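Take a look at the structures below.
Next, two complexes with chain A in common: one pairs it with chain B, the other with chain C.
== the complex of A and B ==
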């Protein structure tokens, strides 16, 4: 617990880090308490002229179907956060498992794992995601598994590169000389020392996965209507942008502030842990 | 050197071969076959039988795979289930449009990114750098469909200068395509510039701190010459491969941008093909995109080999 506090202190040492942590914390808290905060049901329709602008009853106006925009914006990030948090967790766990394995064992196994990674990077993942969702539906579990799989491929590279820097250190050699088993060396000697890189990696990957999820829901593959979701709200209301900016602007602000928050946090995290992340590929 | 190039070529071919198998088996593993998926509730009786017979679905999977792969090798992409035209005619012009879009964005974006990255590095932590870096973070974090929508609302709704969506036939002449892609190119360029600029900035900062730049300064080389002739080429080397690796990511972005602007390219085609459950078309597009990725990475590898003598020694690199 104390290490978590230390990390948080490091991240919030800079102004942009503070802003990032506040934004992310705000969104996480909102996702938890939003169902008790919202003034209306997310699919309740009001029988007044649609595209009504902000009023006392509806602070951010109504959308095309006469639904309260504020309510839908407050609720619109819940599924995205659920899917991307678990998806990132899955990606980092399986990616770092194979990455550490490849980096530690080296030789044939390393070659096999890294060549497979190179090949999988060539697969157009967006088409694959759409295909899987079109066939198996967009249940959160399906999204978590597919996003987690594709985003883990890049983690393998990062974890391997970080492991290669650690395996040559004296304490790893000492552990080998003591005759410890490979699994315990990987768990107790290597993993704690690549943890910083993995944490920065997770934060970056979270923001990319959120981008991917919102793109999917913008394309109509992310959530099923009438479930509120930012990407879908933007997709549905953007044709009426000139008539009614509110139903587009609200989800835009919500989604952008969350992604920018995560990125600022990741930047501050990288800086405070001394991990260089700008020279990283996005994959 | 030749051996290295040969190895990379062989690996590119192997990659494509494995990707073709992965794509094929992924579609095999989906519930139902291509005809069932396409026909949906009508998938029964004579209709299903006819469709299966027409698309040779009764043959075992390995036979269909080898048919498909042999066809691909000779330039035959296969047969669409929904669309009556041959796949080459459907994919061809749209693929061309996507290449035009991507290439224009790259031609505008990469030089711009290099200049901005170099400037940000030269004025590191000063006002110019902070502004460039701040705008870059905004451009690379905000999703393309938001920047696209904002650009539409600014340039076409508010100012009324440019059309908000692209209305044209997929096989329109090149000049017509170029005249209509200003906003899509701008959207794509913003994201691309932001990413590449950050990479250039980081490696430029490293290079500016190195001994040979210091040396050139001591020799009395002018500041401009020092940056353009000494520092920049060395700063660009490490970014070439990163740019190529990021292309896979940018391709996902192209898909969204094409949908936002209604642009008749391969990305929007793939979304439509998936919505129609036209699996042969999806299969062909997936492989085409993979080939594009492999080809671009190959070019980046070779470019790095040409520019960096250090990589040419045996055992280095790959």
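== the complex of A and C ==
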């Protein structure tokens, strides 16, 4: 698709955008090929002293249970990426649907949607999430649906705000006067013009959701051991931080580099699409 | 002769673009202004007139800067002085009166606080004398009830009053030079006349020099003694007002004057073909900037840039002065007499009243009604007739249009098309057949075309909606539409952002034509365009009417445009029809006092 190429070109036009795209690309590629790259099985234990530091056989050392830290770090982002990519997709799709609907139709439907949004925003989502996981388990599908639902609530507000700016434009009035159906107006006149805002928004949501997912794992609710996961690795090894920093540092570096990469990409995207209109102050 | 107050030498403003190519917004401008002199800078949008004005006070819009040349105000270059000196210069030496005073005033501060700020910075008065000085300034600019005004917030003032406050504020520092950036452009004509008279008076009484920027040469000629015509970043002709208006020399000046619609004129305004040279191309252009549009252009014009040559009291940048002075190269078309209309009524509006809000619960309890925007308006449009709807802002003219289009509900009354189609209800209640017959064209083509769709997609949509066409036939129909509004077929693949304002408005008209309508509703469709482009759009509308017999309802605040285009006219004030009749009769012999006042305000 040519517009995807154009967008990528715009993002990589700045240096920070290039760094961001390279970081995100690297992590995505790694997540795909890691199973064939890793030197050990993720749960293979080595019968040496635990917390051994980096050696030729184990570049990033071993963790408490004598497992290879490099292997677990390389594999540790896979489930997080799977859940957050689909979760973000779900959040953006349902959030923008209701946001555009509320912004375009206005009136009672707008009130109903926005007040429901207010109610959900008032619920502490972490606690609600723990409740859901406690009841339905932590299968990736459950995680995708719950995270997708909660992160979509913010998208509703964003999409509605962006829609309100477009609804008053004369081309929307012109479509109404032509006798276009509401659905057709929303799809062809409004959606293409709020697309940029939504794209930047979804990039930002993705990084937030990654942090949230890692936080859940850290608390022990995200991924079931022994599946490797960054949040879980940090949680398990953090008490030995002074003794053996590698098992904590490696997943931290991996997670931060991915989030920094996403944020840099989102900023560059916002700049190149003109969503971020910050300019130098006058005078 | 004493030293001039302001002198500008070889000034170029712009930025360095790709491949280190300079991009010129303003190019090689020379100007001198003596104390007390009034100079008008006239030009169309994008000619660099505002950038030049701001440069005089040492200010450049973001990304722009001085490429070369010098500015001297009272011997000082505002670009080289210290920040403290610059602060004293701005407001104290020269003062800017901006285009939109409503936006230039801080909305959260009372007028008094904003006036006092200027006095604190730019006058030697003791704080105790500030109040009296403010009142004196307000009387000077003829604001009613000055004491009340000081305690108001900007939004509590009318547009004209806001502009008068901005003028008073500019005068507070007793400047020697006033810089005005289209100060009357957003105002109604009757208000504009008052502000212009005030500016004239200030110049005479205070002997303040003035640089007045406007796209409207008629406004400029009310206030300024000297006029400079700007085109594509350069001043192409400059001289005393009377000479320039009666005997323009430069082909562009002549074209500009010929494109302005005027009352009681036997000829149609004559458009200038083509487009202004864009800033990116101004650097590489070696010839005259106007050569691409000039009917007199020769090889010499395209090869070398003309130098300023004096003719009597003025100077002109043109190689073909002799040919230009001979004239004869602009032949405006004769105005057609009103078409033979017959008496087949197309649209009938009977007793139409409109209000924006329904009464609230409390109001209905008290038996109150929110005020109606439009009250008991009745009129008819014949087949093939062009009807003008004139009035000032708030007169309800656009509201009537929106109600006919079904975008605004009505309170009472009846609208029927060709006696059969009921157009009283909203758009949702109308059958597709009757929707097709009425099409709407908006004021601002930037907002009325979806920026994410190509021109082809925009034109195809009404065809899909109203007609059942095969793909091949559809493509041909789109080509035919573009051809009809004089645009090349290659524009199909372009996006609206790649078109100029006039071209966009042509696309909007083509979109209306796609439905094969019987009535096109035009909402100020030429007021966002430059005059030379407006003339072309007016001609296009007349051609379309002659070809297809479509009727137009043309809303405008510009009486000269209405007289040029329309067969009959309705004058609206405060939601009521004040006068209606054939254009020729109403404009020649206005009966109602309001119509007379409107006509008297036309410059």
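Criterion: the second predicted complex is superposed on the first by the 275 of 283 C-alpha atoms of A that agree within 3 Å, B and C clash if a C-alpha of one lies under 4 Å from a C-alpha of the other, contacts with A are read in each partner's own complex, and residues count from 1 in each chain.
Heads up, the rule we're going with is that contacts are C-beta pairs under 8 Å (C-beta built on N, C-alpha and C of every residue); 3 or more make two chains touch, one makes a residue touch a chain.
Source: prediction; values computed, not measured.
In the superposition on chain A, contact of A:255 is made with chain B only, not with chain C.
More chain A residues lie in contact with B than with the other chain of the pair chain B and chain C. Of the two partner chains, chain B is the only one that A:231 touches; chain C does not reach it. By the touch criterion defined above, A:192 reaches chain C but does not reach chain B. Within the superposed three-chain model, A:125 lies in touch with chain B and out of touch with chain C [touch as defined at top]. In the superposition on chain A, A:174 makes contact with chain C only, while chain B stays out of contact range.
Under the contact criterion defined above, the residues of chain A that touch both chain B in one complex and chain C in the other are 279-280, 282. Note for the complex: chain B touches chain A at residues 11, 14-16, 18-19, 22-23, 26-27, 30-31, 37, 137-138, 141-146, 149-150, 152-153, 157, 195, 198-199, 201-203, 238, 242, 245-246, 248-249, 251-252, 255-256, 259, 270-271, 274-275, 277, 282, 285-286, 289-290, 293-294, 297. Within the complex formed with chain B, the chain A residues making contact are 115, 118-128, 130-131, 134-136, 207-208, 211-212, 214-215, 218-219, 231, 234-235, 238, 241-242, 245, 248, 252, 255-256, 259-260, 263-264, 267, 276, 278-283. Within the complex, the chain C residues that touch chain A are 62, 405-407, 427, 430, 432, 435, 439-440, 442-444, 447-453, 461-462, 465, 511, 515. Residues 169-171, 173-174, 176-180, 188-189, 192-193, 195, 279-280, 282 of chain A are the ones touching chain C in the complex.
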